[in-house]
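By letter and in written order, the chains are A, B, C and D; residue numbering begins at 1 in each of them.
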Amino acid sequence: MIKAGIIGGTGYTGGELLRLLALHPEIEVTAVSSRKEKGKKIHTVHPHLRRFYDLEFVEPKVDVFSECDVVFTAVPHGEAMRYVPELCRTDVKVIDLSADYRLSREKYEEAYGKEHRAYVEAVYGLTELHKREIRKAKLVANPGCYPTGAILAAAPLAELEIVERVVFDSKSGMSGAGAAPTEFTHYPNLHEAIVPYRVTNHRHYYEMEQELKKFQYDIRISFTPQVFPGSRGILTNAHVFLRGELEENELKEIYEKFYEGCYFIRFQENVRLSYVRGSNFVDISIYRGDDRAVIISAIDNLVKGASGQAVQNMNVMFGLDEKTGLDFPPLFP
Amino acid sequence: MIKAGIIGGTGYTGGELLRLLALHPEIEVTAVSSRKEKGKKIHTVHPHLRRFYDLEFVEPKVDVFSECDVVFTAVPHGEAMRYVPELCRTDVKVIDLSADYRLSREKYEEAYGKEHRAYVEAVYGLTELHKREIRKAKLVANPGCYPTGAILAAAPLAELEIVERVVFDSKSGMSGAGAAPTEFTHYPNLHEAIVPYRVTNHRHYYEMEQELKKFQYDIRISFTPQVFPGSRGILTNAHVFLRGELEENELKEIYEKFYEGCYFIRFQENVRLSYVRGSNFVDISIYRGDDRAVIISAIDNLVKGASGQAVQNMNVMFGLDEKTGLDFPPLFP
Amino acid sequence: MIKAGIIGGTGYTGGELLRLLALHPEIEVTAVSSRKEKGKKIHTVHPHLRRFYDLEFVEPKVDVFSECDVVFTAVPHGEAMRYVPELCRTDVKVIDLSADYRLSREKYEEAYGKEHRAYVEAVYGLTELHKREIRKAKLVANPGCYPTGAILAAAPLAELEIVERVVFDSKSGMSGAGAAPTEFTHYPNLHEAIVPYRVTNHRHYYEMEQELKKFQYDIRISFTPQVFPGSRGILTNAHVFLRGELEENELKEIYEKFYEGCYFIRFQENVRLSYVRGSNFVDISIYRGDDRAVIISAIDNLVKGASGQAVQNMNVMFGLDEKTGLDFPPLFP
Amino acid sequence: MIKAGIIGGTGYTGGELLRLLALHPEIEVTAVSSRKEKGKKIHTVHPHLRRFYDLEFVEPKVDVFSECDVVFTAVPHGEAMRYVPELCRTDVKVIDLSADYRLSREKYEEAYGKEHRAYVEAVYGLTELHKREIRKAKLVANPGCYPTGAILAAAPLAELEIVERVVFDSKSGMSGAGAAPTEFTHYPNLHEAIVPYRVTNHRHYYEMEQELKKFQYDIRISFTPQVFPGSRGILTNAHVFLRGELEENELKEIYEKFYEGCYFIRFQENVRLSYVRGSNFVDISIYRGDDRAVIISAIDNLVKGASGQAVQNMNVMFGLDEKTGLDFPPLFP
């Protein structure tokens, strides 16, 4: 059994890692940290996990976690860098779910407007695009939720370098805002609402740019995120203005070929968030209008958009089938 | 024009008073307080009210508010008592939307487990039941949201002293929890949920007991509140175990007679919260089973359950038609 | 009093007309039709309107409705043309809420792929843009819900002829789909969902094109609609790619100047659907990114997007202040 | 491998059986019927199951299904009786998810007001209460969703014969109404709503009565169901009026003892529907007030309330551990 540790086990991504790893046949979770809940059983914080863990939360000490084979860091942005470099000096493989290692140092400092004091090189863990590097990686930076849905929607066309411009208009469930209550997550503020935020300046833009420019250097990207009244899911409309005259059928062939062998990419006539809920699948629908193509992707933000993709990456890092422990159907309706 | 002041203008009941008074033909709002937002225009806190007020929030000073004809205190429980006694010593009529003056001093101290240091006598402002006293009142204690729906559902049967037992199972929209974010109001905690709370010991029980025992001294009352995923509305199922053999038709006649002339009480075949949304109506449906009667009432918790009833009481206190400024249809769908 | 008739009084737009006209000081509703519910009281179909109307539904006979001063046709697309031409031959002013008269005959036949057999000329009733023509109109074609939000978001920039391209990504509440149950409106299919539909070929595109090309002939427009889990509201993100280097402040000035004197246009720092719910307001927020401007508009699809704008147009047609009967605050939260 | 067939594979319970059996290590689904979708692949009807089945829907012919080891009948009430008696004459074990075999013939005819023309004896499949009989059963009648939550909430107290009266006030997600669109399931009718229905006369009452009277003959039961705006879950408040003076702690001990060894019964401080979502767990919270005990149970209506319990029963019938294929965590948030 592979021994797994989770630094930051009380948030939504930590809880989701626990949910998923409870099903994984090759993994034993041996340590889960929380400063605040130290000494408490896991189900006192995550009542839905009662019956699945007998562990208690521990302090996030590197000497404890360095006895694991793999450690997931599921702490807020800016905090992961307190653990990752030290863990990387041990034999542990590390998968960081924060934003701290997703960007090049330069882009990080541009996006965050400050120096990165604990930078180390990581592999960007968008599994379908970087499987080869992930296989050998010691540190994987797990992608952001919006970039996962957006990059996978546009990559096949960017690879052909035929994208004149792409506008990503994304809608996320509220679990993306984390487990701590704020004005933004206050129920009456979300009821019967679609709330755009960081309309032209969300930091996930930098991940999209970094990854898609690897395919097509002159691609032009626009991105607007918003939340919708639901708990899980990100739906991304990629409005793609193309060079050239591809028909809908040709587009579909391009996507099918690009994602050949990718178990978690499914093409649907009409995607629905509820068709991927709780699962690691990325459902994609392709439409061609007179003026543009629209590629719509649907993911569960906590699974493929966070903890599921982290497990998928772990599978790849340990030479397992990428779908080990993740091969279960979504929860519809 | 009657000059109205609002002490506590930033919460949901304050905002709702502003919404309703904007429509009232006999009222001019002359002062609205907020310590925190002092000096700001009303629409900076309530963007939906842009175009309706040019006022700025002021400090809650009694000498300012004593120039009004009527003052609504819409501050949290325990805070109203800082203003009410002093206001009562002026010529101003006062309508308190907090819980501070709803109970007799004894019941208050039992319910809250502490001495009431600023007690004054108030009229309990359930308009349909106490219109005569409200007409002459200087201080009206506006009822709680749950008690409004529950008491109105059971009063006609209690008056006949035929209730063996009544179980109120009530469901409230989340605006009832106020405008401040908490764990309880965090979106993902409410999504696809019905959340019971204070299952056997909610303080609103005391209001129900106080009012219904006036009709039938030996009535036995049970109450469980819960929230549902919506913003507005309280639906109350009153499961009533009756002495005697009344048929459904007889029950309906009893209710129609009891509420004769009450404009805001409407009988519906099947109530729906959306049929009262945004309005001061109380919709009631009556069902008779083999074992019990079920009386279901639907109100908007912020209107008839708070600010609307406060305006209705004000109308009565000033000799206006009780429906002045409140006679508009609900918002369906 | 102006005598108003409604042909098609049982759907959501018919019900909303009844809600709004109940508040209108200059209007008396004298006839409401429904073939199916003929002879029934209005509140049997619209229980929320109990207390507001004593009328019964009648057959949609033109000789009855020709005694009105104004008739609203609120029947499905394709059906309005059975009444409109005949009504236009009487003295009645007509406001058609269907799609039958919004487009030029040519565009209609292109959009619908068939001949229009009952064409008459109408004024396109986007009140803020065509007030002068509406004032003299005998037949007003009330705009579609999506076009209302989209056109108002882009018109000030189109007027300057500086729009290279605009992508409208719109989200509508489910009441837009009408009162009849379908797969599309089945609750579990909408729960926790954002559902795009007619992704590249919705007919409302033609209205946007027709109106915006009047301002800027070479504008390029893309449009994708979707529904979100809520009942009311349309939020439109207009991603606008501009010629030239306008700053956010300059954009705001352009909009404020363009909509000067337009009571129902409000600029908000951050729009929310709940800030316009139930009202005729159009709230607009303006953002400038490095790559594009994003103009976000929020309307209530049944009010400004349908029945409210119809009443606003009626006010203009009869020489009343455009806000008569519509000057009430939105319902938040 | 056990060969399983599903008669009625297109509805929500059929889809949920397919979801659950895809995870079951001892089961192979060999036949799934649908008259209407005959010849189509399963994922054309259930897009969320793409990747999990390569089967096509077939006609519901008994000679095909009699080759299975177990057949689940997941057709509407009244239709199961067309297949069950004939299947019972073969070697197949049958689990019927409809209401056709849950009641004694007498009670069935009382509840449904007509003769049962295809009656056979079945074991009532509330697994925790009837495991011994289920083990030997050839036909299991899978319980209704409301009765599952209600009976499990009250059984431990009924067994002690100390229940004077119990009022079940239950709230169900909309998936309980099935996959076919109706007025009742139309989104705007459910939005921001709690909708009681069959307030005093729901047929599930008879199951509750039949089962609880086995424990305590003189128990008095009341039941009111309603739907809430969510897709999955049933929350049942059991307001129990007790004989005797039991404290909260004593109640908790009674429940823990009664359900000792029952893996799927979990006690939580405060149940939440989201803590059981997608899983076979029954979460129970216990509260003691001055007047009554309140026992609150939470289940997923499609899992423990239907297809999950059917699989649990199948496990028992085939001598497997009852949690085989069902031992996965709920989906929170």
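In the analysis below, contacts are C-beta pairs under 8 Å (C-beta built on N, C-alpha and C of every residue); 3 or more make two chains touch, one makes a residue touch a chain.
Quick caveat, the model's predicted, so the values are computed rather than measured.
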Partner chains that chain A and chain C have in common: B, D
Of B-D and C-D, pair with higher C-beta contact tally: B-D
Chain whose Cα centroid lies at the greatest distance from that of chain D: C
Rounded Å distance between chain C and chain D, as computed from the means of their C-alpha atoms: 46
Mean-CA-position distance for chain C and chain B (Å): 35
Separation of mean Cα positions, chain D and chain B [Å, integer]: 39
Numbers and ranges of chain D residues touching at least 2 other chains: 12, 173, 175, 179, 188, 191-192, 229-232, 272, 274, 277, 333
Residues of chain C touching chain D in the complex: 12, 173-175, 177, 179-183, 185-188, 190-192, 229-231
In the complex with chain B, residue positions of chain D that touch it: 165, 167, 169, 171, 173, 188-189, 191-197, 199-201, 220-222, 224, 226, 228-233, 235, 237, 239, 241, 270, 272-274, 277, 285, 287-292, 294, 296, 333
Contacting residues of chain C [partner chain B, same complex]: 12, 15, 18-19, 22-23, 46-52, 175, 179, 191-192, 231-232, 263, 266, 268-269, 272, 274-278, 281, 283, 328-333
